[in-house]
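Next come the structures, one after another.
Two complexes come next, and they have one chain in common, chain A, joined by chain B in the first and chain C in the second.
What follows is the complex of A and B.
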């Protein structure tokens, strides 16, 4: 808490949110596009088009959105996994532990190597296949973490064993090959791997999608407890709103490569403001409520040729004339609750 | 462990069966040739002047006995197997009375020396370059290498071999064009002889390597370009794992499986000799021996060479099957 002195500098809408505690990650107007050129025809897919948000210390920030909303590309950009045809066109991704560089994609190799796994780690989508099938689990731990933790081989192994106990894994798994472990065990191994260096920031990309519900609950609880114990920040990405409700502190909703709404998770569920979010929340089943769910007309925008103005306007029930013309700015409509919508924030567009 | 022993026993039984069937097929095929080695030898002897018909008949009888071709087909067949089991292929018919095993024993070191070295070099070079080319897909020099490999690959082997002969034997005559060593040197572990052998092996080895590298290169490149998109490779890159470690232990190691099987097959095939190579470069190996034996109808020798080659290929496959669990932890025996 930085005290009441610096409260409300009205020029930056983010400032209020950022004051609560210093952000570990500050994403500022990031734009990442896929640029391809085949036989002289160039094509640009604006997968991430101007996203701004902060992730604070010791919080789990959720990112939700349907397929092709750009959330995976956003994650890749933040993680610095930029490979052609993906290009960062503008904006920055600033980490508190890597001052002075506008993102991993723009940092020198030595800096990237210093940061990776020590400060920034991942639990990946499809964690079933993220462990090298030809290497014993202990070797994978050595490959990822030894250079940061140091110590002799024996000291390092003792440390890994102690850490495995936190995710309730037997030390015997270290001698096993990945195919000898069950899906849940493998996922726990990857969580232990991602947390052993006590990183400041963990990116979790759909880590529970391939698991059955029982294991899912177990894994989510584990992520939560380790995160609280270590004080790491987590960026948690999934399309599963149930998981978000269960786990995340704040939630950002993506649509068509942009962030359309962001608020504390309970508030998003109780008081969604953006029309897209309203539909998203409205589509969730509730016990005892058997009215048919309304589905949204139309389909997600083609990001190679996105709609002008607000990307949601062709499907939006509240669409106005201005929506097709102007991109709605992200405005803090309620304290800690930002929305990008002309209908919610009339007159916000300058 | 008892599971492994059961597997071993089963696999060994399979090996024996494959060799038995293979040798039988070779036996039938060689005995079905219209060339009769006895008549071949007799005509060679009798072509100079007159020989009494009784003497010819006598010679025919003793030759049949020596060659093991007398008696009914059943007797011949059992004679053949009892000899094989004692590793005795009988005397050669075209180089009578030298035993077949002595002929093969003389030719085998040449072939094995040349082919083991060139096969290993080809394999290592092709896989290393192919692996790098698959990993650094955007590198210009590896792209160029791919184009060269793709262009060299379909050229028939004998064209490359003859080109090498023309370039290094006539246009710029720096290397010997035929033989396994200089004729005037006594064979033995002398420096002069070893040097001569090495010098004579450069062209045949180079021709084999040039033609062989391309297919390993292309195979490994496509294997690796599949592996690099695997989750565990991307994950390791995001994890900041050392690049060299990723290339070695994550990419190459995991792509190598099919290539190791291929290596075992081609090492087993060495005992065939490289027939065209040995013919073109006049190399005194098993391939030359085999071709000459076929021309002479010397089926003792043909059978000897084929049996050794059947044993070689089957043993190579057997070795790979037994060693594979060590190489890939996912392969289970039981």
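What follows is the complex of A and C.
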């Protein structure tokens, strides 16, 4: 990007930026389950069941998976939004800017206050639900960011105006109420809101799903250019594989509460290994391609009563006897390409 | 040339907005004309973004909204002026809707099979419960489910893809000639989307049902449609054979839409 963006180049690089492969987020065997007890009947839904991955500095890490694959629960756990009946049963979520705590859910309130929005911010799906409908946009900026940025009211407002220019928004939107803006403008406001403090880590949960295709492409380009400018890391969640192909650096595929495959995004598309990923990539309709698309038999697993062993085995064309018995471990089958599948990694189960 | 199944003749719809003093008129659909033939089933796709008038068009075809101009004829019935119980029943037999969000289309407190039985008795040929069960099972089998899977279950117990299939099965019970599907897959996961879309193809080929498929997803539209129209702000900007239009769009707006599609084939166009 050029033009007004150059006004606001980051002057103080984040400590440790020299090591590009430094993980900002390290998720280690996290397990988050929904536990309910109604009339003496207890139920446990194992929505996230042992997920391990790293997000490096200055990269966009994509998470893909269908609904009920556990991706929303996973980012809730990472963001520390744990409310009953959701419970963290095991594992840890470590941020480089918050050493010593096994996740936001386990950190004291003061620590969460310090980190939130300054180091860790969010872009959510429904922009109308994020912005307070009763307050002008500028008030929302004051609520979220003033205490982190400091300065006088005038200085703060100048900073907000300069930052809005990056997402190509006119300063006039600051005086508007959310309902006066279009969906695309509102989503750009939330992106500006999430990035104004130059956070180290941004969680983006389907930020463009509600937008029209033309606006979507615009907004994605903006997320990309701001991320590159600030060197932040982004965890980008969507079920739209087209978006992943265009935006993310590395991609993790979730199925039934577990990560089944992870690789650099171009490699996932050119050389998928897990049978579920192979199907997922193969089923995408493409304009100009007339070959019929096969659809996968069966339905997503019920996480209250998941299949034993590999959770994909009831629908898997390569299923073997061992698949129903043993959970396949996540193994680095190719450099930087991890897969959890008995058929891909024979003999890997210890 | 026999009488077409559906004929839209210069249909338009204007909404008036505002109060007594400031009256603003919004033209949701302007001068829309197309026909769907009675003798050959087809999938007719309407593409457009929010505010393009595509959903208003669907509501007019379903008789929920009355056109403010032009005429809308279905099989000899004037849809814009349906009058009387007999005509309305005949129309509802022949035209069935499928909506975007199956979780909103079904009452969450009502078991799914009850919907199917009610429809079977009201619109199907069922005279008693046993026959209704037989018809419901038959319809569910056409969409790849069975009555055993749906019986006694509530909407939240099924996945979005399954529930959307139940919605299609319910629509099939009255043996419709036309199904109007308004964004039927936009709430459904990518992996299940093709299953629903392929089902539409099967309905067209095996049961001879014409489908009006309303969407903003160009890729699925390409894979199933026969004819297509692209709408922008209530007007048709491009129309024709689906493959020809989507492979080489002519109108600047259609071209812009086509370019904005993020296909997995041209990765990393946004990077750098």
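Note that the second predicted complex is superposed on the first by the 329 of 350 C-alpha atoms of A that agree within 3 Å, B and C clash if a C-alpha of one lies under 4 Å from a C-alpha of the other, contacts with A are read in each partner's own complex, and residues count from 1 in each chain.
The definition used in the following text is that a contact is a pair of C-beta atoms (placed from the backbone, for glycine too) under 8 Å apart; a residue touches a chain by one contact, two chains touch by 3 or more.
Keep in mind that what you see is a predicted model, and the values were worked out from it rather than measured.
In this overlay on chain A, chain B fits alongside chain C without clashing.
When the two structures are aligned on the shared chain, A:233 is found in touch with neither chain B nor chain C. Judged by the touch definition given at the top, the superposed model places A:52 against neither chain B nor chain C.
Ranking chain B and chain C by residues of chain A touched puts C first. Looking at the shared chain after the overlay, A:345 reaches neither chain B nor chain C. In the superposition on chain A, A:67 makes contact with chain C only, not with chain B. After overlaying the two complexes on the shared chain, residue contacts for A:79 are found with chain B alone; chain C is out of touch. Of the two partner chains placed by the overlay, only chain B lies in contact with A:177; chain C stays clear of it. With both structures placed on the common chain, the touch criterion links A:283 to chain C but leaves chain B unconnected. Contacts of A:299 after superposition on the shared chain: chain C is touched, whereas chain B is not.
Across the superposed structures, the minimum distance from chain B to chain C, using CA atoms, reads 6 Å. Chain A residues in contact with chain B (one complex) as well as with chain C (other complex) do not exist. Interface residues of chain C facing chain A in the complex, by the touch rule stated above, are 49-50, 159-162, 189-195, 197-198, 216, 218-220, 222-223, 243, 246-247, 256-258, 260-272.
Residue ranges of chain A in contact with chain C, taken from their complex: 66-68, 183, 212-214, 216-217, 220-221, 224, 228, 239-243, 245-247, 265-266, 269, 279-281, 283-288, 290, 292-296, 299-300. Chain B contributes residues 138, 230-232, 234-242, 245, 249-250, 253-254, 328-330 to its touches with chain A in the complex. Those residues of chain A lying in contact with chain B across their complex are 79, 81, 84, 112-113, 115-117, 121-122, 124, 126, 128-136, 139, 143-144, 147, 177, 179.
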